[in-house]
Every structure is written in structure tokens, then in C-alpha cells.
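In C-alpha cells below, several structures.
Next come two complexes, and both contain subunit A; in the first it sits with subunit B, in the second with subunit C.
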Partner chain A sequence: MSLSLIEAVLLVFVLGCAIGAAVLRDVLASLMAFAAYSLGVSIIWVMLEAPDVGLTEAAVGAGIMTILFILALANTVRPQANGLFESISVRTVVLVGAFVVVMIATVPSLPAVGADGAANPVVSGEVTQYYLENAYADTEVKNGVTAVLAAYRGFDTLGEAVVVFSAGVAALTVLRQEVFA
Partner chain B sequence: MLELLNSHYNYFAVMVLLGIGLYMLIESRNLVKKVIGMNIFQTGIFLFFITLAFRAGGNPPIIKEGGGPYVSPLPHVLILTAIVVGVSLTAVALALIIRIYTEYGTLDEDKLKQLYYD
Partner chain C sequence: MSSDERTGLYVESTIIMTTVRLVAPFVLTFALFVMFHGANSPGGGFQGGVIAGSVVMMLAFAYGIDAAREWLDVRVVAALASGGVLTFAAIGLGTIVLGGNFLEYHLYEQFISHVVAYAIELVELAIGGIVASVAIGLFFLLAAGFGHAVDSPEGES
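Showing the complex of A and B:
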């Protein structure tokens, strides 16, 4: 599938926000660029037919994450910014540029965006087809994502809950608090 | 090259996002900005997975009679889990940052190094 105008605009917006987050000197400005970035990314998820991921990204990535960052800023310091942008370090740009070039060298061996059939084993492979064909009969849940998340891979989701719980305990321990306040 | 960009555009965006995230992790002196960079790096990887799950003309995996073809739900599940784990990671990192600030009174990497070695 070739690049459509709306996808091009979204990608440019997202990349622009990411670069903004990187070069803006003020931490709060960088954070706002990151929140806009998360929102743009959640729209990209919807364009890629992943509404569940889009909802989670908008609620958790753009919402809760931004609140966490603002809380952290409120409890620490927002250094006085002299000048709008950070100075760019040439040495790091060269290093990161080399990394990006090496990564881009792998792109031609990936399937084209939107490919199906033999070209894209992720969407046409046996495993995906098995879940799509049997999810409703096995779990009586119409949403394939929910069926896999809560039924087939329920133990993984339990593990995820353990991770969130441990993170809460770790945050409280580090902050030497008994409860979130 | 232009043809490749037209058919593989999302993968190029993935690689550039990884680069931006890496740059922030290395170069930002403020610890909060480093965490933002880590999140951008993560989202780049998410974009890689969701793009692989996509097929042109596919519908979201809400299963109904004659609703196909569907995009693959499996990478979506993986990324849902990864987003939640990413938030947990960010929460712990920010808690550590608040603690560092109460102990040292600064979030600047260079100043922290100096204070540590003194």
C-alpha cells in the first residue's frame, strides 16, 4: 500500500513532536511535545486498524503518563531555560545517525506496509488464523484482542498485573511513603 | 529509495523514532527528559509491531459473519501489555527521580556526577 496524504501528515506531525521533545530546552515544553506526540501516535494506531491499542495509548500514554510527568515536575524542579532550544551535540548526532542508517539497511527485507498473503507471515500465518477462526467458539468474546488478552493469554495478563503491583510497591518504597498521597 | 519510502514508510518512521529516543537518552542532561526519550524509543518499537500486524483493506479484529479479512490481533495484545509495562517503568523512574532530587537537590546529570565523586 502506498503512502496516503493523511498518513504522511500524521507521520510528519509525530516525528516533528518527537524532535521537538528532544531539542526544546524547557522540560515542561518538552513534556507538552511528548503529550502531543502520544496523541498523534494513538491516531496512527486507529489508522492501522488497532482501535484497542489506540484507546489505551490515548488514555494511558497521553493521559496518565503526562499526569505522572507533571507530578514529578511539581515535586522536583523546572530548571530556568535560557534559550528555546538545546545545543545539538555533533558527536551524538553522528553516533545516532550511524545507528539509524544501520537500522534502515534492514528495512528492504521487511514486508511492505499493508502486505498480506505469503509476503507478510504475521497476518497470514497459521497462528493468527487459528486465533481468528476459533476465538469466538472458544471464548464467546467477539473482540479478538480481548479473547487473546483475557482468555488464551490470561496468565500473561496476570503477570502484567504483578508488574504493575510491583511498580507501585517500588515507587512507594523509593519515596518512603506508606500510601499514595 | 523513494519507492521503498513509499511502500515501507512506517518502518522508516520507526528507525527515526528509535534514533530520536536514543539521542535523548544519551544527550539530555535533565533526567526527566531522559525518561521522555525512553518513552519515545518504546513507542518506536510499538509502531514496528502494529505495522507488521496491519494488512491493507483489513478490518479491526472484531469477529462477525463475513467481517474479514482481519488484521492480526496478536501483536496488538503484545503492545497493550507493553504500554502498561511502559507506564509502570515510567512511574518507578519518576519516583527515583523525585528521590534523587530530595537527596541531591538537582536533576542535572553533570552536577549529579560531580556531587557523587566529591
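Showing the complex of A and C:
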């Protein structure tokens, strides 16, 4: 697998931001690193030709999540930071390291990026091919993702929408408010 | 948390207010574009809804959260959220009434031609309404802080 320069830079950036979000002692700095991480990941999604996911990551991960985190932070007491980095315990490093090793072990079983035909069971799979061939005739939308989201898997999407709705209702209930705002 | 502490969060800035006033219409237009055009290009209700919600957050940052809260009618937020769920469910269940499966859009074809594309568009808008209103609601709830939730006695609810 060969990386283009921009991909390599993005990966290093995302990795750095992820580590920064984990080890920075100041919560606000950690939040900023997390937002930058989300933005980097969203660009990676676009480069991997998944613009729908990239848009979601940019809007939700880098946008709304950061705003909500900052608001929560503004409503809590921000501890005075001593030193730039959190002290890191060996146990945590071992645990996280083991998790990373397990995740990396699954990578070789994934099809190569951009692989086509039999080399990529995701693309050549029966379901994917059915969607690609019939999506426009069935649903009259050109974006296959939307066709799956709103038509073929519409029931799942209704569930997702209800989950978002329930999140709002749950927040109202927990905070004992009767109206938003 | 006392109210004067909270208003301390807001700093009036001509630069931010002017920028937001300029940018907000374009962001809202982009949100609607993402929602409406999601059928033919990347995007859809979830993404467009979040972008639409962020317009209100931008206004709140520029003009103060309390001012934005007063400006925004809570009934609109509630109507968007529950109306979205009801619209989506109604479109889905309507096809069952017509004797088909859940969300079998083609059954509406007898009333309107090319209804599938329109129905998907309507579903995306419903999703956008839910996501935008919940994002706005969570924003205002978090901004209000948890003071009053703690202050109110246990048995009151």
C-alpha cells in the first residue's frame, strides 16, 4: 500500500491530534485537539471517497460535539492545569497498546483500498451489486447512500431518527425541563 | 450557578456579530442544499439538520445565548422534532395502509407521479427537522446549566 504525501500528512496529523486529546492536561486544549482530530478524519473520509461520512464527521464530530463540550466545560469548574501533559500511567499505556495491537491485527483481513472485483467482497457482494444496479430505477435518487438510507433501509433510518428524538426527550427529562430552550 | 455568572460567558463583539450576520444566511442555504440535494449528491437529512442547527448556535454566540433563546420560539423547536418523527412514520405507515410494506414508496405513485423522489426528499427533510431541533435543544439545555435541575426539590416532578 502506498500513501500519497497528503494522505501521509493527514494520518500523522490525525494521530498527533488523537494523542494530544488523550494526554493534554488542560481540558480545553484536549477538546481543541479532539475537534482537529475530527476534522482530519473527515478529510480522510473524503479522500477515501466517502463524502457522506466525511460531511457527517465534519458537522457532528468537529462542529456540534465541540460546541456542546465547550458549553459543558463553561458550566463546570475548569481545574487549574499544572504542566502541559497528563501524567501517564503504565497500566493505561499497556491496555491501550494491547487494544491497538488487536485492532491492527484485523487490518490485513480487510480488502485493499480501491480493490475491485473478487478481491473486494464488499463491492462484489450480491447486496452491493443489487443496490448499484437497481437503486436508481427503484428510488429515482442518484446518491446510492441516500437510496439505501431512505428507501431500502428506511425502517432502520426511522429508528435512527427516533433515537435522536429520544436523546432530546431524555435530556429534557434528566434536566427536568419542559421545553427546549 | 447564578445568572450573572452565566451572562459572563457572553462577550459582545462587533466583529463576531457582523461576521455571523453575513455568514448565517449562507450557512442556512447550504444546510437546505445539503438536505434537499442529498438525494443526488453527498449529504442528507442528518448532515443538513446539524448544519441548520449550527446556524442558531452561531447566532447565540454572536448575540448571546439568552437573547437567542428568547428570539427562538420553543414551539417551533418542539414542532420540528415531533413533526419530523410523525411525518417520517406517517409516510412509512401510509404504504401499509395502502396494502404494501413499510416505506414502499411506489404505492403512492397512483396519486402523484415521480412520488418516490419526492417522498425521499420529504423523509430527508423530516430527519433534518428532528436533528436540527434536537441539536438546538441540547445546545440551549447545556447552556442553561444544571443549576435549576439541582435546585428543584426531588418530589416536585
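Going forward, the second predicted complex is superposed on the first by the 180 of 181 C-alpha atoms of A that agree within 3 Å, B and C clash if a C-alpha of one lies under 4 Å from a C-alpha of the other, contacts with A are read in each partner's own complex, and residues count from 1 in each chain.
In the analysis below, a contact is a pair of C-beta atoms (placed from the backbone, for glycine too) under 8 Å apart; a residue touches a chain by one contact, two chains touch by 3 or more.
Just so you know, these numbers come straight off a predicted model, no measurement behind them.
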{"item": "Dominant toucher of subunit A (residue count), subunit B or subunit C", "value": "B"}
{"item": "Partner chain(s) touched by A:Leu84 [first = subunit B, second = subunit C, both, neither]", "value": "neither"}
{"item": "Which superposed partner A:Thr128 touches (first subunit B, second subunit C, both, neither)", "value": "first"}
{"item": "Which superposed partner A:Leu175 touches (first subunit B, second subunit C, both, neither)", "value": "both"}
{"item": "Partner chain in contact with A:Leu71 - subunit B first, subunit C second, else both or neither", "value": "both"}
{"item": "First, second, both or neither for A:Ala151, with subunit B first and subunit C second", "value": "second"}
{"item": "First, second, both or neither for A:Thr139, with subunit B first and subunit C second", "value": "second"}
{"item": "First (subunit B), second (subunit C), both or neither touched by A:Gly63", "value": "second"}
{"item": "First, second, both or neither for A:Val94, with subunit B first and subunit C second", "value": "neither"}
{"item": "Partner chain in contact with A:Val162 - subunit B first, subunit C second, else both or neither", "value": "second"}
{"item": "Residues of subunit A that lie at the interface with subunit B and also at the interface with subunit C", "value": "51-52, 56, 60, 64, 68, 71-72, 75, 142-143, 145, 147, 149, 157, 160, 164, 167-168, 171-172, 174-176"}
{"item": "Touching residues (chain side subunit A, partner subunit C) in the complex", "value": "51-52, 54-56, 59-60, 63-64, 67-68, 71-72, 74-75, 138-143, 145-147, 149-151, 154-155, 157-158, 160-162, 164-165, 167-168, 171-172, 174-177, 179-181"}
{"item": "Interfacial residue positions of subunit C with respect to subunit A in the complex", "value": "1, 9, 34, 38-47, 50-51, 53-54, 57, 69, 72, 74, 77-78, 81-82, 84-85, 88-89, 92, 102-103, 105, 114, 116-117, 120, 123-124, 126-127, 130-131, 133-146, 148-149, 152, 156-157"}
{"item": "List of subunit B residues in touch with subunit A within their complex", "value": "4-13, 15-24, 26-28, 30, 32-33, 35-37, 39-40, 43, 46-47, 50-64, 68-77, 79-81, 83-85, 87-92, 94-99, 101, 106-108"}
{"item": "Touching residues (chain side subunit A, partner subunit B) in the complex", "value": "1-3, 7-8, 11, 14-15, 18-19, 21-22, 27, 30-31, 34, 37-38, 41, 44-45, 48-53, 56-57, 60-61, 64-65, 68-69, 71-73, 75-77, 79, 86, 89, 92-93, 95-97, 99-100, 103-104, 107-108, 110-116, 120, 122-124, 127-128, 131-132, 135-136, 142-145, 147-149, 153, 156-157, 160, 163-164, 166-168, 170-172, 174-176"}
